[in-house]
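Some structures are shown below for you to check.
Here come two complexes built around chain A, the first alongside chain B, the second alongside chain C.
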Partner chain A sequence: MQLLDTAAPSPAQRRPGAARPATRQKAGLWRRLWAARWSLLYIAPLMALLLTFVVYPIFGSLVYTLYRWNGIGSPEDFVGLDNFRQILQDSIFWRAVGHTFTYAIIVVPIQLAIALVLALVLNNKKLRFSSFYRTLYFLPVVTSPAVVAVVIQLMLSNFGDTLNGWLLDAHLIDTPVDWLGDPDIALGIIILVGIWQTLGYNLVYFLAGLQTIPEEVYEAAKIDGAGRLRTFFHITVPLLRPVGVMIVILAFIGSFQVFDLVQVLTGGGPFFATEVVNTYIYHLAFGGNQAQATEPNVGLASAASFFYGLMLIGFSVLQVLIFRSIFKRRAAGRA
Partner chain B sequence: MSPLNRRGFLAASAAVGGAALTNALAGCAASSDTAAPGTTTISHWDWYVSQEPWLENEIQLFEKQNPKIKIKRTVQVSDKYPDLINLAFRGGEAPDMLMIPPSPKFEDQVGMGWLRDLDSHATAQWRGRYPEGSFFNGVNMAQGKVYSAPFRSSAPWLQLYVHNGLFKEAGITNKDGSVKLPKTWDDVTAAAAAITKKTGGRAFGLGFGNAQSASLPWWVELFVRGAGSPAGYGVDGPDYRVGKWTFGADRNYADFLELLLEWKDKGYIYPSSMSIGDEQARAFFEHGKFGMIVGGVWNQTTWSEHNFDDYSLTTLPSPSTKPKAFFYYPPGDRVWAISQHSKASDEAWAWFDWLHSPAAGQRWVEAGQGLSAFPTANKDAKIKSRQFKAYVDTRKYALPWPVPAIRNPEVSKVVIAAVKPDLPDVLAGLYTGQLTDVKAALTDLEGRRNEALANGVKDAQSKGAKVSLDDWVFTDWDPTKPYETKPV
Partner chain C sequence: MAVLVSNAQRRRPPARRRAPVRRIVGLSLTHLLLLGGGLVWLFPFLWTLGSSFKSPEGFFDKGLNPLPDGVHGANYSGAWEEASFGSYFVNTVVVAGGSVVLTLLATSMAGYVLARTNFPGRKLCIGLISVTLFLPHGYTIIPIFDIVRGLHLLNTLWAVIIVQSSSGLVFATFLFMGYFSTMDREIEDAAKVDGASFNQTFWRVMLPLSGPMLATVGLFTCISAWNSFFVPLVFTLSTPELRTMPVGMYSFLGENSTDWTFLCAGSVISLVPIVVIFLLLQRYFVNGIAGAVKG
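Our next item is the complex of A and B:
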């Protein structure tokens, strides 16, 4: 579990009496930095962007959580921790959290299972046009979710009539269905689109992982008489595990951040039936809907955002701990 | 071909980057003022899209008349406009001429030094071109100084549009074969039933596009006003007769919503109405998927672009044939202002004066954009469209109503916090069956809205504002007559 064991002691630290004088450590650090100067130079622009557009806003908006502020001028109306109290007491926020978790819990396992199966198929060197299929599956990923959502919305509204006609003729429904306007169906449609739209990412990750498994291992298994299923469960799965853990974590984080699909497809409606946390925050920060131009409250949105950020960090840490515990237990079992 | 080494790659990267930077800088230089010597360029910001042909024509006419002034127009996204204009003022890049953003409050924009005091140009003589009672503190003036001027006038902002083809197919016609326009709630129900039945499921009686919770509130607005609820869907203020929102106490709201749900249960409403947006609904109406839709005069612009004119309109359908309340508007108007920081304020004023001329107003009406602030422009305009003429004729149903901020300017210090769920949400909840008790949902909303007003007043009072809840009460207001708000 290399990816999760970043805190593992280095060989130098493991040596008894390995403490070095501070100056030698400093010189060593400087030497290491100098040796990695080109790598550092190349990651510098990304780090600068990350610091400016991710790290700074996170801490910058922390101040706003203490104010009632419409985002124009300077915040002056200090409300202390009242924004956090409001968020915690808002049933719509908790409903949005519920929808977000439902989305993630359904999307991630289904999507990963499909992505793994497809990756196994596409990894077959004998498969013709495999590059074409890879491109085909990856295409939705590079298409803007907003564009995807607009097209899906148009399809459902235009073809919806036809679809309803077929379903009515087949006596599967009694009344026509309002595909995105029915609270019992709308979230399901968003989940389906979500599975399809980001499938390509996980497919590529799994393909990359599969290609790191040495061919000789498979050959050895074949010589030993292992069948396909046995090879899959005893070679592919264990060797794919480090990459797989990262894919699971990233897939959950991505799903928890779902926004554009929901915003364009349903705007979180009808009556918050598809509201996820990010659309909830967006509506607080930038006003309500078209019919009711409400005063935005950036302070409240910042509080919701910060609180949700903490929830996600907690969830990610929990995931890592669970995986680590599982792997430790397995390692102990093997020993 | 020699392999690319690190030094070579860096050199190539630097060359490409340098070239890109040079191009970018050249681009910046090219986008700066390129007007001929002696010509002043005025920057102008607005969010007009469907009104663009009219505005572009005005710019052309103005520049022809004033060859030494050029207008550099920038169209901004309407819902981001307040943020963009705020950033522009903060960054010292505010346009010379601007559309006044809906937020922050007009008084705050003046207080922050965004808007230029126009008193030196907008003299009493200049203001004399407008009807009496067009300039008010809190509307286009602040602390007795003029900062903007009326541009538009009001007619009912919502109409019930009917599809002539479907009405005729369903036999809803007068003796002369013309379409029989529904006047009452019962007429609408009967027409919806006839269209749904006679078209054999090909079309529905009614339809809307509520994907972003935009248009269901319009139905409430249009139908309850006719029933005698002057606050409509309550977006512009409470019922000023009592100074409160009365969604629960006034039975018209529940009665209309029960009727709407009955229409839905009977299958008169286009089934995908909650999935589609208003633009799609407009297109579906045009293609005869349903016979009636509620919308504003902006619908007409879209339909005339598509050469669709097989429709008619009416407004304020009521339980009885005579509407008991109308649409209302505050006296005066404001759309445009000149930036306090404009370095070409005289030229900006010339442009401002042009837009606020009766001639420009007449062209606005003739372009089918709405009504002008100048009664002569509305009267003299040569209107080609039958439907736009019908819209202009409905202006008798728009009256001036009480404005608390005119009677007590301190009212503008009250901030009424948004409530959630608000009316558009509650309507979606009721329509989709997530809320089942109409009366309870409306009463709950009424309570939350009134509480927000009371809290806003209390908050303002604690900060020294001389306001009370009585500032929203106008016991002498008769919703069937024009109201003149007098300053205390």
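Our next item is the complex of A and C:
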């Protein structure tokens, strides 16, 4: 059947609208479609799902950014770009952006440093049970952030008092700490849980990267008498770089989208002290949280989300540019 | 380099004599640190497991101690019936199972024809799939909500299944495309010589041969659907009976914050199945993740 002649596309396909008469080309198209009917049928479910539930909604939400709309019925109150203006002037939005960036900028380096050290230790061929340890440290990744957040709340509400007792006895604090109710501490707790919960991904990424480095390179370094630190900085780091760049970018993308943990742990409170962008948008779209009930405004939520999407794309591009310029300078320095 | 070599030679003899003892001590120390760290790392889970058997009083008396003051199985029956975790569990199984079946069908078929056949619009399809990776994913849940309402799927688990699956389709399609494109073309040709039709070639030959990738994608989908919070939260806002376990835990915490041992039992009910599935199939998961970062 058509499988055998798949390698070479027909001339008409390669250059549509070339010298052929229009009618013949039309007949040819139908014939080609018929010949490829099974292929088309096989890809149809995926394309239908993607177009309906991924592509169309992106443009659909873009239309909503121009309306003031509470999500019920159809949008009628056209406000132009007013939603964007409102978002840009909303101090709570910028605080949410600040919290999200704080979260990412603290979580990513700490998490990657721990993951890299752990990966280096586990990559040691002489270390037995290393896959057991890998599984052990990876386990939080396969659990639900929402369930984990509930568990953490239970733990804090239970022995948070015990912990307070110890700290008071040790004279480290004067008054008991309200772990999730104190605006200064709640974000710190979220950051700690965030580091713990997603570290496993980076561990496995780093291990995969380390395994691409051939053993001979290390042996050669050993013969040359290079010490551990020297080997690490002159062999492991440069050879790990391509994978490392991917890991950093993926870690930032993941951190910028934090939602489940914050929504369940604090709901963005107390008084917006832990509001991240995704909880901010959720509250706009579905009408605030328990602390502050507001009228849902889907237009505003869509505008905030679209603007944040652009910010993230900008950040990713910036990241790539920074990495590229660092590598270029290094390469130039070496030459 | 010459300096390095001579340095190393000078240092080598004493180092060699000490090496075995030092290595054994070093490795033992590493094991000790890794085990201790692992105990701390998994402490929240150990504490939850222990606390799920505590009595309500024991829950407070024992505090940090994960060891229960007895075996109060009543927490489990309470969570299962009174706290509706039984129906949340069934909902979660349906959502995870449905997402796995839907994702595997749609992406393996698409990955196969994209990798192994040529058809009008193939490049367009690949372009569209790639572009969706880079488009700014806005707050698309509201338009999705409208579509689901238009399809009369609102207030059904189908809504959660379809919307949840659609988020992972692109990644899974790329994985299948990569897998099928590395397969030997002779296998297909042999099937054709034996007179296999297009359908038979795919369902009887190619799909069974893609077992490892089916496991990888299936496991990824299962874990993300099982743990998913946002999609089921939004689609069950007005239908509490359709909640999945993560959403059920969240609402239970908000509505009924005193039965904490029930919540611990509920956490265990939610965590254990997915951890067991992961442990059984973990090599496929790890391979998939490793492939993603290398590719």
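Here is the rule we go by: the second predicted complex is superposed on the first by the 274 of 335 C-alpha atoms of A that agree within 3 Å, B and C clash if a C-alpha of one lies under 4 Å from a C-alpha of the other, contacts with A are read in each partner's own complex, and residues count from 1 in each chain.
Just so we're on the same page, a contact is a pair of C-beta atoms (placed from the backbone, for glycine too) under 8 Å apart; a residue touches a chain by one contact, two chains touch by 3 or more.
In this text, all values refer to a predicted model and were calculated from it rather than measured experimentally.
Using the contact criterion defined above for the overlaid structures, shared-chain residue A:259 touches chain C, although it does not reach chain B. In the superposition on chain A, contact is made by A:156 with chain B only, not with chain C.
Touch criterion met: A:71 reaches chain B and chain C at once.
When the shared chain is aligned, chain B comes close enough to touch A:297, but chain C does not. Of the two partner chains placed by superposition, chain B and chain C are both touched by A:38. When the two structures are aligned on the shared chain, A:272 is found in touch with chain B, with no touch to chain C.
Comparing chain B with chain C, more residues of chain A are touched by C. Applying the stated contact rule after C-alpha superposition, one finds that A:325 touches neither chain B nor chain C. The interface of chain A with chain B overlaps its interface with chain C at residues 38, 71, 153-154, 157, 286, 290.
Residues 1, 4-5, 7-9, 23, 27, 30-31, 34, 37-38, 41-42, 44-45, 47-48, 51, 59-60, 63-64, 105-107, 109-110, 112-114, 116-122, 125, 128-129, 132, 134-147, 162-163, 165-167, 169-170, 173, 188-189, 192, 197-199, 201-202, 223, 226-230, 234, 237, 245-247, 249-250, 253-254, 260, 263-264, 267, 270-271, 274-275, 278-279, 282, 285-286, 289-290, 293-294 of chain C are the ones that touch chain A when the two sit in their complex. Here chain B touches chain A in the complex through residues 6, 79, 82-83, 86, 102-104, 108, 112, 210-218, 233, 235, 267, 271-276, 280, 289, 415, 417-418, 420-426, 428-429, 431-435, going by the rule given at the top.
Interface residues of chain A, counted against chain C in their complex, comprise 1-4, 6-7, 9, 13, 29, 32-33, 36, 38-40, 42-43, 45-47, 49-58, 60-62, 64, 71, 121, 124, 126-127, 129, 133-140, 142-148, 150-155, 157-159, 162, 196, 201, 204-205, 207-209, 211-212, 224-226, 243, 246-247, 250, 259-260, 263-264, 281, 285-286, 290, 298, 301-302, 304-306, 309-310, 312-313. Against chain B, the residues of chain A that register as touching in their complex are 38, 70-73, 90, 92, 153-154, 156-157, 160-161, 164, 175-183, 266-267, 269-273, 286-295, 297.
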